[in-house]
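Each chain gets a letter, A, B, C and D, in the order it is written, and its residues are counted from 1.
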C-alpha cells in the first residue's frame, strides 16, 4: 500500500446488522475509507443516522452520520474500488451479480454464491489461495470481466471451526471425521432475528440450513483448487482425503460469540496427543498475517489452559473478535481429539473476514488499489 | 399396595434444591406420606417454613410448613420405611451409610455410592432389574442387614440420554459408539450454584466431573448384572458389547431442562433408519410403567416431528417432567443416527427418579411396605 | 348457571398469544365450551394445530387440535353466546364492531374501545358495576341492539395496580397521587414481539403508549358511573376526588409477570400505616368472588411479608396467575405509602380478566346463558 | 503534574470485582502506576495471575500478571502515595483505618466511612469541594495526621442520580422532592454475588440497605459544608432546603449498568420545562473536568432524544462508562419532571469515581504527588 493513499469502499446493506459492523470496523481502517453506503429504497436519500436503527455498543462514527444512503445500484458506487456486501440473501443474489457485471469487486457475507463453482469461499485465515479462481470467474462471465468479481466468506459457524481445523491439517495431515455441536449466538440471526420469547431461558436445537452449510462449506474451504488438463480450475472438496462432517446446530441465549464442541479423527495413526494439538494450534500463523493484512489478529488461535475456557462473554471481544479461542483440548474416547472453539460471529465470523479478504486481494493485486 | 395404607417417608437434605423438589412431588403422592424432614444442625429444631429458603414456583405444601426439621441421624427417622436423600455429596457419604446401617432403605440422589460394586445405580425407566444386587449388598454389610440398603439414581445428564438409548438397544441391539454434547440448566448445580455473572449472556463449556460421570454411569446403567460360579453378582459395564462414550458438557443460561445432542453407532449393520428409530423410541414402554409405578410418566419418550423441538422452555414441564422428549432424529454422517434429547433435570433427572425407584422397590417387595 | 348446561364461546385471534392463553384457560372451564375459533384468512380453513405456532408450556388441548379455524366474520360465530377477542389492535376495531352489530357479546382484550364513553373498561376484581353502561351502549347503537355489546378489559400494566388501589380506596377513601414505575415482561408484547437483541442483558425504558394508558385507564376504572338529569350515564374519571397519576414504563428481560413499584398519597390525613395497608389488602374481597365467578382467585391479593417478594419467577403462576401479589409495603418519604405489585400479565392481565368479565356478565344476566 | 513523573498507587482488594476494575483502568493511566496489590492472606504471596479469578472482558494487563500479591498491611504499601480500596465492607473498616493511621491516602469504595462526619463522601463530578474537610479529619485523628486520610465515594446507585441532580440544582436551584426507582445490574453485587437461579427471568425488588443509602447519601453529597463559630466544619445534609428522598431498589437481569427512573420537584415555581432541563443537563460541566482530571469524561451527561434511550446494553460503555446518560426528560403529573438515568455501576459508579477523586486530590494538593 502506497503511503497515505486510501481506497474508497462502498457498503451494501449498510443499515443491517452486518452493515453496521462493517461501518464500525472500517471507520478506523488504515487503508479503506467509507465512500458510499447502500441500502433499500426505503432508506435511500436519507442521512445514514436517520436511516439506521443503530444497535452497536459504540456510537455511529461521526464521519458517516450525515452520509446520504444510496440505492444498491452499481452506478451509485462507480467510484468505489471495493464493495462490501452485508445484504440479506433474498436481495444479495441479483444485486451482487449486477455489481460484478459493472466491474466492481464484491466481498460478500451472503450465502448466495458460496456454492458457485467459480466463486471462492474464503476464510481469510485459512484458504486465501482460493483467490486464484478469480481469473476463471472473470473469463467465464458474459461478457468477460477485467475487474469485477465476487468473493464470499463463510457462514459464521463454519468460520469458527475451520480455522483450528486448518491448523491441525497443516500440522498433522488430513482429517477423516469431524463431529461438531454448535451453540450459536442470537446476533448470528440478524435483527430483529430471534424473538425474545423463543430464546430467553431456552435452547432452540435447530437453525434452518445451518448444518448443511457447515457440512458442505468445510469441505470447500479445507479442500484445494485442482486444475484439469485443459487448465480449468475447480474446488476439490477435500476429495484426496474424504472428510465426513456431521453438525448439530443450536441457538442459545448468548448475544455474541459462537461456542462449538468439536471432535475429530485424523487419517494419521497414531493421532497427535492433546499436547501436540495445543502446540500446533498456538503456533499456527496464517498467510494473511504473514502477508501483512492490517485486520488479521496478532494471535490467530488463543489456546486456553484453564479448564472452563473459552467462554463467549469473556473471550469474544479479545483482539476485537478477529481471532478464535480454543480450549479443553483432550482425548475423545470415540474419535481422536475433542476441544471447544469460540469465535466472534459478527467479527471474524462475518465483517472482519470480508475485510481481511479484501486486504488479501489488495496485497495480491487482485484488486487494483 | 394395600388400599388406604400410606408409607412413611423421610427426606434428608430437605431444605436444599433436591429436597424441595422431593417435598413438592411427595406432598401429593398416592402411596407415600412425608413423615420426617432432615437437614443440617443449623436448621434442626426449626419449623420447615422458617428453615428453608423456598425457591419453587408453587408454595410450600401446607402440610409440611410446621414440620420441625430434624438432624440427619437415623434414630430420628426410625419410623420411616423409606428415606429419600437429597444431601450434598460432602455430607451424603457418612449419613447415608449410617442410615443403611440402621436398617433403613435409602434412595439417594448423591453421587457417593454410584460406583460402589454392590449399590445399584438405577434409572427407573431403564434398569430396575439392578435391584437384584440388594441382597448381596445386605449380606456383605458388616454386620449383615435385613432391611437397610442404598439405591442411587444417576447423574441428571446421564439420566436424560440413557432412557432413549435403552429404548434403542431394546429395539436394535447393542450400541458401539456414543458421542454426546450437553447443554445443562443452572438448576443442575443446586442453590446458590452458578453465579449469575458466570452464566448470563454466556456458556461455560465445563462442568467438573460431569463428563466422567456420563462416560462411566452410562456403562453401568445400560450394562447387565452377571453372576459368577460362586453366585457372586457384579455389574458387567456393557462388557459383552463394548461401548465407547464421549461426552462434552456445557452449562447454559437455562433454568430447568438439560438439552443433549447425541450421535450413536449401532453394532448392527445396516443400522436402523431414522424412521425406525423414531418408532422404537415412541413405542418404548419401561417395566416401571408396566408394573404400575404411579409416578412413571404416561408417555416415556415423546418423539417430536417439528424440526425445532424439543426445547427446554416448552417441553420440560410436560407430564411434570417425568418423561423425556426426543426430536430431530436424523442420519449422522459420522456415526449412524443423531438426535436431540430434552429431560427435566430436577424431575426425572433427580427427585422423580428416586421416587419411582422407591415405588419399584415397594412393588418388587424389596422394601417392606 | 343451570346444572350441566354449557355455554358456547368463540375466540377471535385464536392463533395469537392471547388467543392461545384463552384456549388454555377455557379448555377446562366449568361453564364455557370452546365452540369456534377465528383467525386471519391465512389460517382459516386449517385445523387449529396446523394453523397455530403454539408457544404455551402445556400442549394444545386435544379437543381443539382438529377444530377448523374460521374467518373472523360474525356469521361463522352465530351459535356462540360469548365472543372472546384476542385480536390485535389493527384488526380489532372493525371486527369487534361487526360482531357487536350482529348481536354478539364481545369481551375484548384490545385497546380500541377502551376510551369509548359507552363501553365499560372492566377489571373484574375492581369495577364490575360498570357493566351498567351496557343498556345505554345498546340503545345508542344504530340500529339499537338487544344482545350485542362490547366489554373491554384493561391494559395489563394497569390491571396489576388497580386491584390493590381499589382495595386501598375501599378501606381508606380516595387516593390523590399515584406514581408507578413498571418493569414489564416480554410476553406483554405478543409474539414475535420484542427482539432478543433488544432485551437480553438490557432494559428498554419505553413502551409506546403504555404510560398514557396507565394514566388514563386508572381514572376510568377507579372512577364511578354518574347519571345526569336526563338519565344519561357517563364515566366520572374519579372526578369527585381528582387523582393525578404518573407512570414510567420499562421492558425487562422477564418472560411473564409485570412488577410495578407504586407510591401513593391518600386524601385522608393522617394516612393509614403500612400495617393497616397490609391488612386492608389481604382482606380485600371483590364482588366477582362474592358472586361466585369460577375463575376468580381464591386469594385476590397475596400480601408477602418476606423483604424480597413478590418476584415474577416465583409468584406469577400462583393460582394460575388470577390474583396479584403485593409486598414491601412501607412508608414513602415523598408520598405516603410505597409497595411492589406483581401480576401475571397474560392471566389476570389479559385472558383471565376477559373470562371473569364474561362470568360476571352471565351471573348478572347481561349475557343470556 | 510534572511531566514524566508517575505516582505509585496500591490497590486493596485487588482480586475482587472492584479491584479488577481498578487494575483494568489504572493499567493505562497517564499519572498513576500500579505499584502494589493487596488481597486476603489466602492470596498473599502468589503472583496476581494465579491469585485472581479474572472476570473482565479484557485480559489481565501483562504488567500485573506476575506482581506478587501482598497482605493488606500498611507496611507493605509504604511506598505508595495513593491507596485505592476495593475491599468488602466486612474487611474495609479496620484495614482502611490502619492505612490512614499509617499516613496513607486512602480512596475507598467501601461503605464503612461514608457516614463519618469527618470523611468526605465524594462523587467527583458533583462535590469535590468536600475535600475541604480533610484537614479537620487529620487534626481530629489521634495522633493527628499530616498525610493520611480517607475519602469515600458513593454507592453506585446514588452516584448515577446525583450527577444529573447536581446539574439541575446548579441551573434551577434546590430540589424539594425526589422519587427514584432503580433497576440495578448484577455486577453491583460483586462476585459471586447474585445466584443465577435468583435473577434469570426474574426481578428481585429488594437490595439490602440500598434504599437507605440512596436516601441518606444523596443529602450528604448534594448538601454543602458549613462552618460554625469555632471553625468546626460539618456536612449540612441539604439542610437549607430540606430535600425528601424516596427510593425503591430492584435487582434486574442486566450484567452492567444501573437504570433509574427519577421524578423530581423543584423549590422554584414555576419549575423548568423539560426542554430547559435537557439543556441544563447537556451543558453541565463539573469542576473535575475544568480542573483537568484525565479520567473525567468528555461529555459528563449525554442527553438522549430518542424515545427509548438510554439502555444499559447500548450506552453503558460509552466513554468507558465515565459519564452518565439521561433520556426521556418529560413532565411528571405528580412531581415536576421525570427522566431516566443510566450509569455504569462498575465505572463511574465505583472504580472510576475513586480514581477521579484521587486525581482531584492531586490537583488540589491534598495528596503530595
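Keep in mind that, in the parts below, contacts are C-beta pairs under 8 Å (C-beta built on N, C-alpha and C of every residue); 3 or more make two chains touch, one makes a residue touch a chain.
Predicted model only: the values in this text are computed from it and were never measured.
On a Cα centroid basis, the chain most remote from subunit A in this structure is C. Inter-chain spacing, taken between the CA centroids of subunit B and subunit D, is 49 Å. For the pair subunit A and subunit B, the distance between mean C-alpha positions equals 43 Å. One simple way to say how far apart two chains are is to compare their mean CA positions; for subunit A and subunit D this gives 42 Å.
Residues of subunit B found to touch two or more other chains are 55, 200-201, 253, 255, 313-314. Viewed as a network of touching protein chains, the structure reduces to a complete graph with every chain in contact with every other. In the complex of the two chains, the subunit C residues touching subunit B come out as 55-59, 200-201, 255, 313-314, 316-318. Chain contact summary for the complex, subunit A toward subunit C: residues 55, 186-187, 191-201, 253, 255.
Remark: subunit C residues 177-179, 181, 183, 200-206, 208, 215, 244-246, 248, 250, 252-255, 259, 261, 263, 307-314, 327-328, 332-335, 338, 340 touch subunit D in the complex.
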